[in-house]
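Heads up, the thing below is written out as structure tokens.
We just call them A, B, C, D and E in the order they show up, numbering each chain from 1.
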Amino acid sequence: MEKYINSYVIVTAFLILGILFPIAVLWLGKQLRPHKPNAAKETTYESGNDPVGDSQIRFNVRYYLYALMFVVFDVETVFLYPWAVAYKQMGLFALVEMVIFAGLLCIGLVYAWRKKVFKWNSI
Amino acid sequence: MDSLQTLTWSDTWYLSPEITLSIVAILLAVLDLVLPRRVSRNVIGWFTLAGLLAAAVFVILLIMDLKDSGTTDVPQQVVNLVGGSYRIDDFGNLLKLLFLGSSAFIVFSSLGTVRDEDVPIKGEFYYLILPAVLGAMVMSSSGDLITLFVGLELLSITSYILVAARKRSSQSSEAAFKYVVTGGVASAFILYGMSFLYGVTGSTLLSDIYQGMENAMLTSEALLYVSFFLMISGFAVKLALAPFHAWASDVYQGAPTPVTAFLAVVAKGAAFAMLYRIFFTFMTQSYFSQNNVMSNDVFLALAVLAAAAMIVGTAGALRQRNVKRLLALSGVANAGILLTPLVLGLAPLHTSLFNEFFYYLIAYAFMNIGAFAVLTIVSRDTGNETISGFAGLYHRAPWTVVGMTVLLCSLAGLPVTGGFFGKLFILFATVQNKTYWLAAILLVTTVVSYAVYFSFIRQMYLRSGEIDSGLRMTVPATIGIWLCVSATLALGFFPKPIMEWIDQVFSWPYDMFVS
Amino acid sequence: MTMLGSYLTLAAVLFCVGLYGVLTKRNAIVVLLSIELMLNAVNLNLIAFSKYGVNPSLTGQIFSLFTITVAAAEAAVGMAVLIVWYRGRATVNVDEFDELGR
Amino acid sequence: MQHFWDDKLSWGTAGIFAATAVAILAIVIFFVTYAIYFERKFIGWMQFRKGPNRVGPLGLLQSVADVAKLLLKEDTIPSKADRGLFILAPVLAFVPSFVVLAFIPYSLNLQFADLNVGFLYYIALSGITTIAIVVGGWASNNKYALLGGMRSAAQMISYEVPLVMSVVGIVMMTGSLNLRDIVIHQEGYFWEWNFLPQIIGFGVFIISAISELNRTPFDLPEAESELVAGYHVEYSGFRFAFFMLTEYIYVYAIACLTTILFLGGWNPPFPQLDFIPGIIWFFLKFAFIVFTLFWIRATFPRLRVDQLMGLAWKVLLPLAILNIFLTALGIELIG
Amino acid sequence: MLDNVPILSLITFAPLVGALIVLLLPSQRSQWLRMTAIAFTVIPLVLTLWLFAAYQPSIGGAVYTEHATWLSIPLNKELLQGATSSLLSFDYHLAVDGISMPLLLLTSIVSTMAALASVHIRKRWKMFYVLFLLLLTGIYGVFLSRDLILFFIFFEVTLIPMFFLIGIWGYYGREKAATRFLIYNGIGSAAMLLSFLLLIATLGFSAVDSQAGSHILFSGNYDVLLANLSDPQAMANLTVDQVGSKADFMLNDNMRWGAFILLLIAFGIKVPIFPFHTWMLRVHTEAPPSIVMIHSGILLKMGVYGLIRFGAFLFPEQLQSWSTVIAILGVINILYGAILACVQKEFKLVLAYSSISHMGIVLLGIASLEEVGLQGAIYQSVSHGLISALLFLIVGSLYERTNTTQLDELGGLAKAVPFMSGILLVGGLASLGLPGLSGFVGEFLSFLGLFGSMKWITAIGALGILFAAIYVLRSILGITYGSMPASFANMKDARFIEALPMIALAALIVLLGVYPSILTDLMQNGFNGLLEQLHTRMGG
């Protein structure tokens, strides 16, 4: 039990340090660096040209499809891990179970493939 | 959890309907992928139908098997799988049979009426019905909150997709989005309720919860109340009970008509199955343990919901011109009626009232599927989903109209139809239970609903329409409609054999009472 | 028990925030996110109960695993539906979901 | 470290833990400074150049000078940017990368936090960085930044799937997610290390890892020719530095993970060599991985965007799933 | 001789068979269709007349009882306490007695006349006759059935055909009238169903022991109900073990009142009693004439029948303590109908309001709870059925010729169509209760019955007769005499097929007027049981 708690205390220590460090360094930078803003400096960078239009462009729907694919597969792996840990104790039945499970994943993959989800076009 | 129990090969027989559906669904998914584009996807529809029927056959065999395996002491055997988290009992089997049958009807009637330009993903459209039914089946026969929830979501998520199947119609996707949001919120509520139930009883297994209820009622009654009322609100959304019904009309309107029928019958029935499983199990505990305050409160809340559903559904349907929205509201009212046997709860002469419920559910399934099939044909022909699309239909298709009249009479609860006896049985139970106010509401709303359903009849017989040519029917739809009509009439003329059969198969201490 | 109480309170707050978001937000994606928030509140509840409940067991955690999966699937379908809708209407404002029921 | 684990928690132990965290931070910053230096050196050598050689002996202070420069540089925030998120993004990227380091076992007796969730901890935290990158791209309110951020996110999530799946085989063989257990399981001759039995998983892991790091040949998100510099185009000064820092800390983490998961951690290649301390072996393997990463960067051309995405889903993911089955079969057959 | 013939079923279902046969005939042959339909209304007529001839009031209708178990539906098994299962049992139980016999006769006669009169139907003959015959099955069933659920089903069966008959073949406002009809009667039948179910759940209760265990049977059989009502001891004998908690199954006083009031509403709508009458006006004005004949002539009497059969027989105490209320309602009906009939400009509305007025008299008869009064109520029902059938028949024929029913557009018909005018006059005089015609007997008996207990109310009610004279004479004389519009000059008098029912109905009116004992004898024993029961119960 102590080990369990201590481990997370360590993680917390890392977390706090991880937050404090950027704050400290950015504060330090602020003390050291010059600060002379002007309008030209603050324009959006577009390779030196004046910015055209807004940045809220309509980007490709593919990104969403990838996001969906990711959500599906990443969450399925949540089930893979407990299974993998317990695999040796559970034997053949677990294998069959996982063949079915992963088989379904594969079908999902093939489905997306056939529906041309992975075909990337433009941007 | 004691030891980990897994499925064994011998269990597969008890799971054969579920397994059949899964395998067929997967095979069809693959088939849809490899089939060349030019091949009509109706093939998949036929295979879907075959899968549903095969599963139904397995369910019937299981019912017989369970009956045979009973002894004199224990009339019917209940098979507990995976440590009791999945139950094969006649409660589940009967409902499964209904789900499979209704879905088969819906698929069959829609063969040929669903058009490619309307539903571009026809292959998916058909085979996605299978996992949806599977979800409904899981809901109806699981003995564990987790399994229940997984079944619920399997059904819900596939339904979301089915609702959105009219890809080119923004109405369809709008409906689907609304369904996703309301469905998601409802799931969250149910789940939140379940989490409290788990918390105060320490298990997700229904039978363990039943054991734990007694203690929980003493130690954390407030949390139990919270749990039940959260679940009630969630289920009320799923069942489209007023005041949680607003989504139903939108979703029904936007969805492809066969899917609407599916939602109205299977999705609703499955939610009822879940409601029965959860509430009956726990309320009996409350009822028996001298502390029936809780069961009274819960049942009263449900009764109020049922009454509100009847009133709001009927009143809303009165003013509605769009047929699908109208049927959605009628479904709201019917959900109230279907809920009534449940809310009557337990009384000396009333054990579960499942018989009444199931009889009306059968009648409800047939009349709704039939009505939606007619609607599909009519709206396809006239391009009009409003009630005026039915104008003068008598002159165009007299026989179909007669069939529709029977279905409408059944919906209105007029004799001699299935709807009449269904309502009569429920009403009798209500009166016997001395819940007169509910009986009165049921009756009054039924009468008001005459105006709703007879407005169709008015259009069909008394008005003249703009089109004179005959109505274009498709063969499967015609057969489907007439099967529904005959079934409705058969339920009306011969209620006895069906009730007897239900009574014979179903035995509440074993099938419902999870302990 | 006090530990449990605070977890439950947090979960209830999250749940209510999620519900509030669903009911008031105009952006469809935010609405979906709010639903996720509600489901995650439930997860918190389940896990708190699995440790501090009447009968501490792993079941609650397993349940929350399923919840996570289901929530993901639901979000995926919700997003997919929204994308289909967006193609036609080019907005994600829920106020413009008004085509039905006219 | 280990004997602290079993101590009752007190302010003393907590202080020690905090001190170790500071130590790790120092080590990592040192690592990053010199990783950058060596990267430039190696690439220089491979391309017959000298690399950095002006600041300090052999140019060893080059990176220090770079850091100083970044610290002193004026920090501009575009007027159109979403100021709050713009400031948040680099911090959000850095924090998880650092927290990840808490659980890495360097040798049998040198490990900070011992977490049973093991590898999942890394996955969970590194996912947050993806969000930070999108946030940074979005908050800049710049087309290139946004596209870079989106691409980066798409790429990272795509490769995360095979990355996660490729490790399942190891977990199956070990029966545990705990990194210590995984290393202990690999005791023995070097051919008993995981990289041989899990050769497919190893390949998938390496490729996905490089892609996760957004490094050449998968550095499309910051493709100069198309996207100017990707999601951090608007960042300058130390905010930019934090993105760089994050990237190199992940290099460090991935190198450690590869060592632990596939190369036997602190185990010597032959048990006979166990008189050499484990930490040395660990460091050697770690250095080898880091070097390989530089090597790949120097020699491979950049992929096209469609090839990039295709690779993850069409090649790596099926391979990872195949690997799981092969492992399962292997365990069934061999035991 | 004919003991084994299920004569009551034949009467009930002969029209249904007719409907099926009509359904099979080609739809363009209006003659065939009409002849078949008439034939199938004549069959029950003949059978009813035979029944009438063979009926012996002293025995009652016991001989002609048909009784079979129709449905016994298992509701629950494994009850919590006691019995193993409960069954809901519906019987197929038909019977006649002194109350239903006159109404049966009325139905058969008026329906045949209406079938004859349906010559003016110009479209969709086939559907018309199918529905018409279906309606008749419903009506016969209502008057014959002795099982509550069977009664209810037949009652509902009359609703749907009527909806169509009004809605398709009616006049301009037909759709509204049809919907109105449906909703009002629907509410009525809902109230009726609720009350019936209450009765079944409490009174229709018996325990059956068999080898399989003890069952609880809930029956809707009227005789069972009556027996349980009159002998509460039998109910009390059921042990607690058999029924759970006994209190759950007794019909307590509140329930009695509830059931009674529900029945009053149910049949009051049908009769119609004053505040519920608006639907009936619309039906009278909008429905086609032959259907109004059925409606006004028979359907309203279903309400009267129900009030007596279920209201009076099952709940005499309740009826008695409310008799003043009912009598007042009756008086309101009489005066309201009569006064409004005086000011109507439309002949059909005059008749409609006069119907309301006449039904008020029936209510007075019922309120009396005396043998004379009840006989009067039935007698008045039959008489009014015949009279209004006759009047509406003529109205239909006139409308066909003149295309109007407005009083100020009609006039001088005695010259144009002397035969019809004569018959109209007979009908009118009968309606105002001229001695020697049937209307007089009914009114007389009803008032007489009530006079003993409520003199003042009776006296006020009798004022209605005065108004009746005014509105009948005003309208009928206005039609038959006075100036004749030029367009009526070439009008043809009644055809044979129209004249036949007119003469028949008029003859019957006269016959009943001069020889009332035809019917009163029939009813002789009809109320004995009721009154005896009432006295014993009130006394005990």
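As a working rule, a residue touches a chain if its C-beta (ideal position, glycine included) is under 8 Å from a C-beta of that chain, and two chains touch if they have at least 3 such contacts.
None of the values given here were measured: they were computed from a predicted structure.
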### Summary
Label-sorted list of chains bordering both chain B and chain D is A
### Query
From chain A, how many touching-chain steps at minimum until you land on chain E?
2
### Chain of greatest Cα-centre distance to chain D
E
### Which two chains share the largest set of C-beta contact pairs
A-D
#### Entry: Centre-most chain [mean C-alpha coordinates]
B
### Message
Can you compute the centre-to-centre distance for chain A and chain B, using the mean CA position of each chain? Integer Å is fine.
### Response
40
### Interchain centroid distance [CA atoms averaged], chain A/chain D, Å
14
#### Entry: Centroid distance [mean C-alpha coordinates] between chain E and chain D, Å
92
### Query
Just how far, in Å, is the C-alpha centre of chain D from the one of chain C?
32
### Query
When you check chain B against every other chain, which residues touch at least two of them?
none
## Note on the structure
Residue numbers in chain D touching two or more further chains are none
### Task
For chain C, jot down the residues that touch at least 2 other chains.
73, 80
### Task
Report the complete set of touching chain pairs.
A-B, A-C, A-D, B-C, B-E
### Query
Where on chain E does chain B make contact in their complex?
71-82, 85-86, 88, 149, 152-153, 156-157, 159-160, 163-164, 167-168, 174-175, 178-179, 182-183, 186-187, 189-191, 193-194, 197-198, 200-201, 216, 218, 243-245, 248, 258
### Query
Tell me, which parts of chain B touch chain C in their complex?
1, 145-146, 149-150, 153, 156-157, 160-161, 164, 167, 170-171, 173-178, 180-181, 183-185, 187-188, 191-192, 194-196, 198-204, 212, 215-216, 219, 249-250, 253-254, 322, 325
### Contact set on chain D toward chain A in their complex
4-9, 13-14, 17-18, 20-22, 24-25, 71-81, 90-91, 94-96, 98-99, 101-103, 112-115, 120, 140-147, 150, 153-154, 157-158, 160-161, 164-165, 168-169, 171-172, 175-177, 228, 233-234, 237-239, 242, 305-306, 309-310, 313-314, 317-318, 321, 324-325, 328-329, 331-332
### Task
Provide the residue numbers of chain A that touch chain C in the complex, in ascending order.
58, 61, 64-65, 67-68, 71-72, 74-76, 78-79, 82
### Query
Which residues of chain C touch chain B in the complex?
15, 18-19, 22, 28, 31-32, 35, 38-39, 41-42, 45-46, 48-49, 53-60, 62-63, 66-67, 70, 73-74, 77-78, 80-82, 84-85, 88-89, 97, 99-101
